[in-house]
Amino acid sequence: MTVAVASPTSSTTARFSPRWLSDRLGGLVLHVAVIGLTVAWMVPTIGLLITSFRLPQDISNSGWWTALSPPFKFTLDNYSQMFAASNLGQSMFNSFMISIPATVIPVTLAAFAAYAFAWMKFPGRDWIFLALVGLLAVPLQLTFIPVTTELVRLGLTPDKLTAAGLPPFIPLWLAHAGYGLPFSIYLLSNFFRALPSDLFESAEIDGAGTLTVFFRIVLPLSVPAIASLVIFQFLWVWNDLLVALIYVGGVATVAPVTVTLVNLVGSYGQNYQLLTAAAFFSMIVPLVVFLSLQRYFVRGILAGSVKG
Amino acid sequence: MDFNVLLTDLPTLVAVVVGVPLVLAAYIVGGEYLVRRLPDKARPAVRPWIWVAPALLLVTGFLVAPAIGTVFQSFEDRHGAFIGFQNFAAQLTGFPTGGAWIAIRNNLFWLIFYTLFVLAFGLLLAVLFDRVPYESVVKSLIFMPMAISSVALVVIWKFMYAYQPPGQPQTGTLNFILNTVFHQDPRTWIQDETQLLGLFPLNDLALIGAAVWGIVGFSLVILSAALKGIPADLLEAARVDGAGEITIFRRVIFPLMMPTVVVVGTTLVIFALKAFDVVYAMTNGNYQTDVLANRMYKLLYNSNDFGGASAVAVILLLTVIPVLIFNLRQFRAVEARR
Amino acid sequence: MASVTYDHVVKRYTADLTVVKDFNVEIKDKEFMVLVGPSGCGKSTALRMLAGLEAITEGQIRIGDRVVNNVAAKDRDIAMVFQSYALYPHMSVFDNMAFPLQMQHMKKDEIDKRVKNASRILGLDNFLKRKPRALSGGQRQRVALGRAIVRSPKVFLLDEPLSNLDAKLRGQTRIELQKLHRDLETTFIYVTHDQVEAMTMGDRIAIMNAGILQQVGTPGDIYDHPANLFVAGFIGSPTMNFVPATVDNGTAKASGLEVRLPKPVSAAKGTLGFRPEAVTDRVVEGGPTMKMKVDVVERLGSDQFLYGQVGSDQMTARVDPRMSVQPGDTVQLGLDTRGLHFFDAESEKALI
Amino acid sequence: MRQLWLKRSLLVSLGAVVTAVACGTSSTPSAGSVNVMATWTGAEQASFMAVMKPFTDQTGITINYEASRDQDALLTTRVAAGNPPDLAAAPSPSLLTTFAKSGKAKALNSIVDMTALQSTYSPGWITLGEPLNDGKLYQVYSWVSLKGLIWYDPKNFQAKGYNVPNSWDSLLNLQQTIKSSGTTPWCIGLESGAASGWPGSDWVKEIVLSQSGPTVYDNWWQGKQKWTSPEIKLAWQTWGQILGPNDSNVYGGAKNMSATNFGDAGTPMFQSPPKCYMHNQASFITSFFQSANASLQPGTDFNFFGLPDITAQYAGAHVVAGDAWSMFNDTPQAEKMIKYLTTADAQAIWVKRGGKISPNSQVPLSDYPDALSKSTAQILVATKIAKYDAGDQMPSDMRNAYWSAVLQFAQDQSKLDSILANLDAIQAKAYTS
């Protein structure tokens, strides 16, 4: 009904005036700044992309920008060698099998916990929360030996799990969840905490239970936060090398794509140019995740709820 | 290529697609069902624990228990005997260049520059991008480095920092620019300990630069999400009131984004303290670029000095405390406001 | 249908922070009761205790005959409209109104019927598919009302529902709310800090200050017979004139005024109170007169207010709009002693 | 919203399924398996798998191979946690030796055929596998390589009339001649990521062995010879002679040396005109030469000579390196496999694929695929004093300090005394664990 309609300004903007000029200039400066910064930021990526289409002898003898002028000596060698890697398909499958639960589990559990930290009262709440933030600083390398020892003691090794007909990735899922939870809870509870309390009270009077409030109010309203969290957690897990090696190992049947790709490079670092192609290949999935979730970053998810 | 993978990995597939979400949903619905069976009075006392239990359990297993073990180990020698503060003394001896001091100094640099650059760039880009119609495109492009693994990131930046002797055609992007645009001799960015302004070593900044490049997408995405949370009419009202764009940023946007800036800032400070990948892969701490996490890694896996590594880790954990106190005050303030 | 009883209700957060003290009110069935007071006086807390959003520290709250102290908010059969409206931003207008009914597991066609009915009453028929952010402030306010109406609750609670609206819309909505109250024939409890809203809407008004109930009564009753200095000052605009006075032999003496009290009082010192309309340009026979040095003249067309000094006291007078006065003039004014109040210096209670 | 999430996650899962269907894997028969961990990746991984293929074909035992260049962290963690691989091969025996000390690695005496081993391996390789000197064999070597090869471009040497030096003095003379002609004699690259400095450490250890002999060499890596002792200091100074004052004998000087990756270091040798004439590196470097210049042919475009002897008494001394195996779980399959690895049949397979030399004397010279590998094998056979890489036998933090010291020395040779004093301080601690 009262949808604001932009007042027609064409008549005034068409006229040449200092105001008109400064508006135009301001716009121009903005676009130049945005595009300039973006391009500058992309230089390393562009360099990598071009390098991935160059022959090794060209890579070590000249800069990537020289490829942009004739003679154009591009090659698909790096990509074809990469795709020839023996178990790329298997490791792609493994990466999905690792990354999806290792994202779903910590994000879901973090959402549960963050809801409690933000909107429930319990003894020690603030201190536990603080401790969680502090745990972000624990260097993961220190945890490998004690945690693996415990997992072996509990029989949670890939071999035994496979023998029992369970996914060998379970310890890795749990590890990624454990390592990812402090950040996830921290991010989400800060977001949840900022939700207007009136909504919760209103829902309480309306008769919504804890579960209903969580699923029908908190989650839908936190979509941007959850989307960013999903992206980050997925990225970290997808690109992880060391944690996977520690908890499931690098055997072909369980190795994620990072392990397979990094092992393309020879023991002395020969053929490291394959990593350039590998970097782009392994970037595809996280980028698809990012692009598909980007539409959830919308303005004013809370608009109209509590502001007059 | 065959299609066997689906058959052989069927349990995994089923577990991933059906099992995991099912278990998670069943847990919380079941938990709530049990809570509702409880007498009215007991519910508020039990309910929060149902919601936080799985998270706390995992965190305890994977982080708390090892962290406690670390604290104990930091007081023990290689054979597990208690030796008081000797491990700490060994790390903190020989100020300003001995023990862990170089690493501490560099972590300080990381703390300042990494956090500041990433926050500032993220904020700047978020605000600028918010005003252009092709926002999602530029945002994705800036985000791309986030999707690059740390192994590939190091490869990229070795290309950026590559060095050839003066007079030779440069293969590194930065030296090429330095040479052709500024007509200067190439630099060995990663090895060059020259101190800018007499304080900040060039190679430290070069390492930090590579890490910043890789993480700006993180702050951009979160800050931009927060920016989107600011009601448009508030900005319009400020514009109608005649505020300039810079004033609007300073007086309206920034204060409203403050809680998010604190979250991102805290995370970055901790990332800076834990900085490892880039340093390990590019210099392994040589040329005075060591950082605490790399030092710890070396003590742990090269020296088998668990006590020393634990002492470094404890130092690292202790430095986080001021950040925590700041956070406590911040979220108590948010709590009080509602 | 239900009455609401506050029976010695206390809300205490910490040992030395008590926000509602010994609160006793009985709200009759179908009554429009307004809780009014300055911000921080405990009126919202009193309402939220009734809603079930705050625990009751001491005493009882009854809806009808049922003690609701330990009844969950959703089971109290009440509906509440928040100052912020608290609309669910991700749900359409229809879903916002249907939400409480869905929570009661009501049948879909019954929900449909009720929401349609409520939206017809509120004139929201055309907006059912919109999200709150696509509505104007007034429309959002009506959605919030609609969400309350659909439940046909025993008691309606409204927490400053008009304070986010502009002045014109506020006046309009005030009338609509009264009409709604008549149509729904339900108990309304309305919290506001605005005495005009209280005076115009309430069947009865309960005035609170600093956690203590000051007075309960009809608007006329409270206006004419304020129980104490606070109520007298809070209700009415412009506010009542207060003049410190000493009493000597049935006559109150102030700095520029002497008046014979209509009734003997026991106190020797106190405050004389009279509303601006009691101070007129007509000299009432037998009534006292005073000289006012006028500082400000406010002409409203139908009224003319003079603000100035009488002796050393500030005073406001309502005079004939045709009277010609300039700031700086000194005018002779009379006092109608029928509207005279006298408040005890110690207890601030009204003695007359 | 919730439904959307569900849809989305289903979609992603579906994507995973599609990928899986598209790619697939092969199923495995079951005669047991061996879990193996090593550092071979890329082409080396392929060579190792080729070695194991006949074994799997014959016995039906499958190899679960995992490769990682983070072996220190990975193997340490696995062993400490109690689920080590059955067998592990490491390029640095010192890591394996710590496991032998802690009793985690199994003694192999009753597992491998000791008599066969003694008849086919030279005693030096067997002694190397007994690091605790208790008569127990903890490590066996399957493939080895030779260090201290000086690579050069024969065409360049010919053009300038340079001869391959046959003594240390003639080497020094040659570098002086080259230098006075206006070109730097050497190409050196010290950068190697986390292991930066090791190429220079090769220089120093080769000089120590050739200059001061095997006893000093052994005492040195065992921590019994101080870094500040005259012999070790002399070795550093001798390397300093090679580098020249302010590294003026090295292409690009100190800066280029520290910034250049060891793999790329040799390529300026093949530029026209050459930027340097000589490059010291083990035999694997040829793959880098050919990757940077695809047209280069072994023998005609690049060749090598052994680092000339310094002290006559120790003539024919060479530093060698190799891949050592240790066993952590004594399973029948693992036993079969480690026996197989010591055989000439197994080792010949990799030898034929190039890049490795066999310690087993039964592998005939004719199995080496080209002239260069044949002559490295010949040098190794003729070697009178073969000593294993000193750095790789030092405790890890001694070795890391050694590498760091190389970087510091290359930056500023005048700091040698303080650099060595610092190494002594580390030596005092590193051997105590």
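In this document, chain identifiers A, B, C and D correspond to the written order of the chains, with residue numbering beginning at 1 in each.
By our rule, a residue touches a chain if its C-beta (ideal position, glycine included) is under 8 Å from a C-beta of that chain, and two chains touch if they have at least 3 such contacts.
Treat the numbers as computed from the prediction; the structure is a model and nothing was measured.
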Chain separated most widely from chain A, comparing mean CA positions: C
Chain centre separation in whole Å, for chain D relative to chain B (CA means): 35
Chain B and chain C, separation of their C-alpha mean positions in angstrom: 54
Mean-CA-position distance for chain D and chain C (Å): 89
Chain C, residues touching no fewer than two other chains: 90
Where chain A touches two or more other chains at once, by residue number: 60-61, 89-90, 93, 96-97, 100, 104, 141, 196, 220, 241, 262, 272, 300-303, 307
Chain D residues counted as touching two or more neighbouring chains: 1, 9, 13, 16, 20, 22-25, 73, 76, 193, 261
Those chain pairs that satisfy the touch definition: A-B, A-C, A-D, B-D
Footprint of chain B on chain D - complex, ascending: 9-10, 13, 16-17, 20-27, 72-73, 76, 98, 193-197, 251-253, 255-256, 258-261, 395-397, 399-400, 403-404, 407, 411, 430, 432-433
Complex interface listing, chain B residues touching chain D: 1-6, 8-9, 13, 16-17, 21, 78, 154, 158, 162-165, 188, 190-192, 280-284, 286-287, 297-305
Chain A - residues contacting chain B, complex: 30-31, 33-35, 37-38, 41-45, 47-48, 51, 60-66, 89-90, 93, 96-97, 100-101, 104-105, 108-110, 112-113, 115-117, 120-122, 125-126, 128-139, 141-143, 146-147, 150, 165-169, 173-175, 177-179, 181-183, 185-187, 190, 193-194, 196-197, 209-211, 214, 224-225, 227-228, 231-232, 235, 239, 241, 258, 262, 272, 275-276, 278-279, 282-283, 286-287, 290-291, 294-295, 297-303, 307
Touching residues (chain side chain C, partner chain A) in the complex: 48, 51-53, 73-75, 78-80, 82-90, 99-100, 103-104, 126-127, 131-137, 139-140, 147, 151, 164-165
Partner chain A, residues of chain B touching it in the complex: 1, 5, 9, 11-13, 15-16, 20-21, 24, 28-29, 32, 35-36, 44-45, 47-49, 51-52, 54-56, 58-59, 61-67, 69-70, 124-125, 128-129, 131-132, 136, 138-152, 155-157, 159-160, 162, 169-173, 176, 213, 216, 218, 221-222, 224-225, 228-229, 231-233, 259-260, 262-263, 266-267, 270, 273-274, 276, 293, 296-297, 300-301, 309-310, 313, 316-317, 319-321, 323-324, 327-328, 331-332, 334-335, 338
